[in-house]
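After this come two complexes, each holding chain A, first together with chain B and then together with chain C.
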Partner chain A sequence: MLTFMTKQDFHKPTTVEDAVTLLKEAGEDARPISGGATLVALMNARLVQPSRLVSLSAIEELTQCTHQPDGSVRIGAMRRHRQTAFESDLKAAHQVVSGAASQIANPPVRNMGTIGGSISFADPAADYPPSLVAANAEIEIAGPEGRRCIPAEDFFLGWYETALEPGEIVTAVILPPVPASSIGQYEKLCRIAGDFALASIAMTIDFDASNTVSTLRLAVGGCGGGPVRVEAAEDALIGTKLETDAIAAAAELLVAELDPVDDVRGSAEYRLKVVPRLLQRAFNNLINIREPAQ
Partner chain B sequence: MQIEQSFTVNAPRSRVWTLIRDPEQMITCVPGCDSIEETGPDTYKAAVVVSVGPIKARFSMTIKVIEETVMEYVRTESKGEEGSRASVVQAISDMRLTDTPEGGTEIHYSSTVEISGRLGRYGSGMMKKIATKLAAKFEDSFRTMAETQEEVC
Partner chain C sequence: MSQPVTLTVNGKANEVSCGATTTLLTVLRDTLALTGSKRGCNQGVCGACTVLVDGAPMRACLTLAVNTEGQSITTIEGLPEGGDLKPIQQAIIDSDAVQCGFCTSGMILTAHEFLQRNSNPSIDDIRTALSGNICRCSGYRKIVDAVALAASRGGA
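Then we have the complex of A and B:
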C-alpha cells in the first residue's frame, strides 16, 4: 500500500534555482530526490516521510559530465554510478572515482543511484567518499544563498552528517586536473559482492622517473564516521619505492587514526587488522595497472 | 548502550549545581531540545529531535529526577516516544559533581540508554559514536554557559 504517497507534494523543476526555491518553501521536511536508490527504500520502509519531493532528474546541467579546458572534470550530481563507472573522460588518477563507481552495490543500483545522492546520504561505508577525498575533489553546492564549492575532505562530517545546510543540494563534483602519468586506485573489501565496504582504500599516486613516489593521497572508507585521510601516512610513502617496510610503517600511522565500530559486517578490531593488508594489496595491484600484461 | 564521560568547567560547584537543576538553562545546552515544562515535582516534559542521516526522530520525553544529593549527585530516568511511531528511547542517567583542585568542577556522567524503532535500526556501535558526538556538543555549550554567565547571576 502506497497510500502515504498520495499526500506527497511532488515537483520536477528544470533549473537548480527552481529546485532550491521549492525546497526552501516546504521547509525542513522537504527532500530532493535524485536516483532514489536510498530515499525510496527509506520511504518504502516508512523510515522517512518527506512533506515534499523535489526531483532533480529534469535539470539538464546536473546530468552532464564535462571535461573542462584546464583538465578538470565536472561530474553533474545526477550522473548515475554506471555512467561514472564507464566515463571516458575519467583518466589517470581520476579513475579512483570511476573505480569506486564500478564497485558500488549491483547493476540495478548503479543504473539508478547518482553521485550527488550517494554523497549527500554519506554512508560511512560508501564507496564515493574515500575516492573523492583521494582525488582531492571539490563539491559544488547550491542553496538559497547561491552556489559554493568546498573540498570533499570538509564535506563529510561523519556518521551520515555532511556540510550541507538545510535547503542545500549537491550540484556537481569537480575533479582537479591530474598528470597523465598519475594513477587512481580503489581497493574494496566486502563480505559478498555488492555489499558496502568492510573497509576500502582509495588512492591517487604518481611516480618520478626513478620510480619513486612523488605524490600520494590516501583515504580509508568504512573505518570511521567518514573517509579518513592521514597526511603522515602519505608522507611516510612519498620518496620511497613502496618497499614492504615503508608500506607497513604507513599502515601503522593510518590505523592509529581510524575509528571503526563493530557492526554486522565485522568487528572494529577486525577492520583495524585488515586495513594494513588492504593497503599492501592496493599497492600490489598498482603493478598490474603500471605494467599491464603484454 | 552505555555512555560514560567526564569533563571539567571553570566554575564553582554551587554554580554548576544551580544550572543543572534549572531546566530552562539546561535545554539551551541539550542538542535538539527546544522546549521543556515542569509537569510535577521533579518531573519534566521535553521535546527532543535526534537526526541521524535522513531520519529525524522527534521524541516527546518525560524526565524524572529519582534520586539526588544536593550539590553532589543526581539520577534521572528518561522515557521518550515518537508520536504514533514505534520509536522508543529509555535512559537512566547519573551525574556526579566534584571540586577540582583549581577551584572548578568536574562533571562525571554516565547513562544507560536503550533505543528501539526507527533509530534502533542503526547498529549500537554507530549510535554510540553519534551519542558521543552529541555529548561533546552538550559539554561545549554547558562549559560556555557556566563560565561566561557567571557575573550575571
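Then we have the complex of A and C:
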C-alpha cells in the first residue's frame, strides 16, 4: 500500500514516559518542544524540519519547582526563565541561577523560554550553562532506558553539543543544598540589552568567620564551546580575602584556559582582555551584596 | 498533517485548521486576518509580533498555534474595551510616538502588560521593559515618553 507520509505530526502527552515513547517511535527527526523560543526560531529559519513535535507543556511534573527536604531545589525543565528569575525558593548561592535567568533576552522571551530547552540547545553564549556549572547542578534526563542524573559539568560538551543521547529529554535541573551564608553571583557583559553574552562569569562562594574565602566555584560563559571551569583559578582564591592581586592571579589562570573565537559579538582577543575585568567586577558587586550600603 | 484547533483570540473562539509547525503569527495574520501583529524577523528578536497569551507578552512567531489551545490570546485588535482605547494607546497618540507604525502594536502590548505590574516605573524601568521591542525608525524616546505618560495618568 502506498502511504503518503504526512510532513509533521504534533503530540501533547501528559507524562514524561509517553513523551519519551512518542519521540522514540518517530526516530531521529522527532523533536521535543518546550517554550519554542529556540526550536521554532530554527524551524522558521528552515534549519530544522522535525518529522514529529512532542510538546512537553502538558506534563505537570516538568512545570514544578520544588524545595526538597534536604535543601536541594528541583527546577522542572518546563520552568520559564521569568519564573526562575523570580523564584523565591532560590536563595543564597542558588541565586547564581535566578540571576542568570533574569538576564536572558527580554521579558517576552523570558515568558516563553524554559530552562530545559535552553540547556538542551546549549548555546555556548547562553546564560544558564555557566551558572549551572558554578552551582554544581545535576541535570536529570529521561530516555528510553529510564532516568539518569549527570553533573552540569559533564552535560555541556561544547558548541551546541550535550550529553543527551538520541531520544532523551531533560526533565529537571537539581541544585544541591547550599549554606545560608553562601552567595551566588552572575555577571554578564553584552553589547546591547537582551543579547547573548560576549562573556559572562558565574560563581558561588562562601566565607569563613574571618572573612576568608572557604569555598568557590567559578565558570566562564561565551569564551569557548561551553562553560569553562578552571580549578586552579578557584584554588588561587580559596583561602584569600579577595585581595586585588589574588583576583589578578586567578584571572591569569582563568584566561590561560579560555579558547574564545572571533564572532559578531567581539574578537577572541577582546574577550580575553575583558574576562579579568569582568571577574574583578563580579567580586566588587559581591562586596555590595555582602555589605549593602546603609 | 493538519489538525483542527480552537484558538481563543480576543475573547472569541475560532476553529482553524493548522499544521504541526504553523505558528500563531501565521494563523493570526493569514487565517484570521488580524494583521496588527507584524512579521518582522520571524526569529523572536524584533518584538513586532508580540501578543498576550494568558495575559503575558509572548512572541507569536515562536509560538506554535496548536500549542495555544485552551489559552487566551489578545492581539492589538482586541486591546480596546468597548471601543475605548487603553491608556497606553491614547498616550502613544498624544505623544506622537508612531513613525512607520510597524513596531507599534508589539510596543503597546508589551508596555500594557508592564504597566499593569508597575504603576510607577522609572524611565530606566520602561527602557528595560521595552528592550525586546525594536523600532527601526529609532523613535524610542517618544515611545518611552508615552509609557511614562500613561503611567502618570494612572493607566495601563
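The rule is short, and it goes like this: the second predicted complex is superposed on the first by the 287 of 294 C-alpha atoms of A that agree within 3 Å, B and C clash if a C-alpha of one lies under 4 Å from a C-alpha of the other, contacts with A are read in each partner's own complex, and residues count from 1 in each chain.
In this text, a contact is a pair of C-beta atoms (placed from the backbone, for glycine too) under 8 Å apart; a residue touches a chain by one contact, two chains touch by 3 or more.
Note that the structure is predicted; figures quoted are calculated from it, not measured.
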Which of chain B and chain C A:T21 touches, first, second, both or neither: neither
Which superposed partner A:P107 touches (first chain B, second chain C, both, neither): second
Partner chain in contact with A:S181 - chain B first, chain C second, else both or neither: neither
Per-residue touch tally on chain A - higher for chain B or for chain C: C
First (chain B), second (chain C), both or neither touched by A:Q280: neither
Contacts of A:T215 with chain B and chain C, given as first, second, both or neither: neither
First, second, both or neither for A:G225, with chain B first and chain C second: first
Which superposed partner A:S72 touches (first chain B, second chain C, both, neither): neither
Partner chain(s) touched by A:K12 [first = chain B, second = chain C, both, neither]: second
Contact set on chain C toward chain A in their complex: 1, 3, 19-21, 23, 42-44, 47, 50, 53, 56-59, 61-64, 66-67, 110, 114, 127-129, 131-133
Chain A partner contacts - residues on chain B that touch it in the complex: 52-56, 118, 121, 123, 125-126, 128-130, 133
Sites on chain A touched by chain B in the complex: 28-29, 31, 38-39, 42, 47-48, 121-124, 158-161, 225, 259, 261-264, 268
Contact set on chain A toward chain C in their complex: 6-10, 12, 33, 35-37, 40-41, 43-45, 50, 52-53, 55, 57, 82, 105-109, 111-112, 193-194
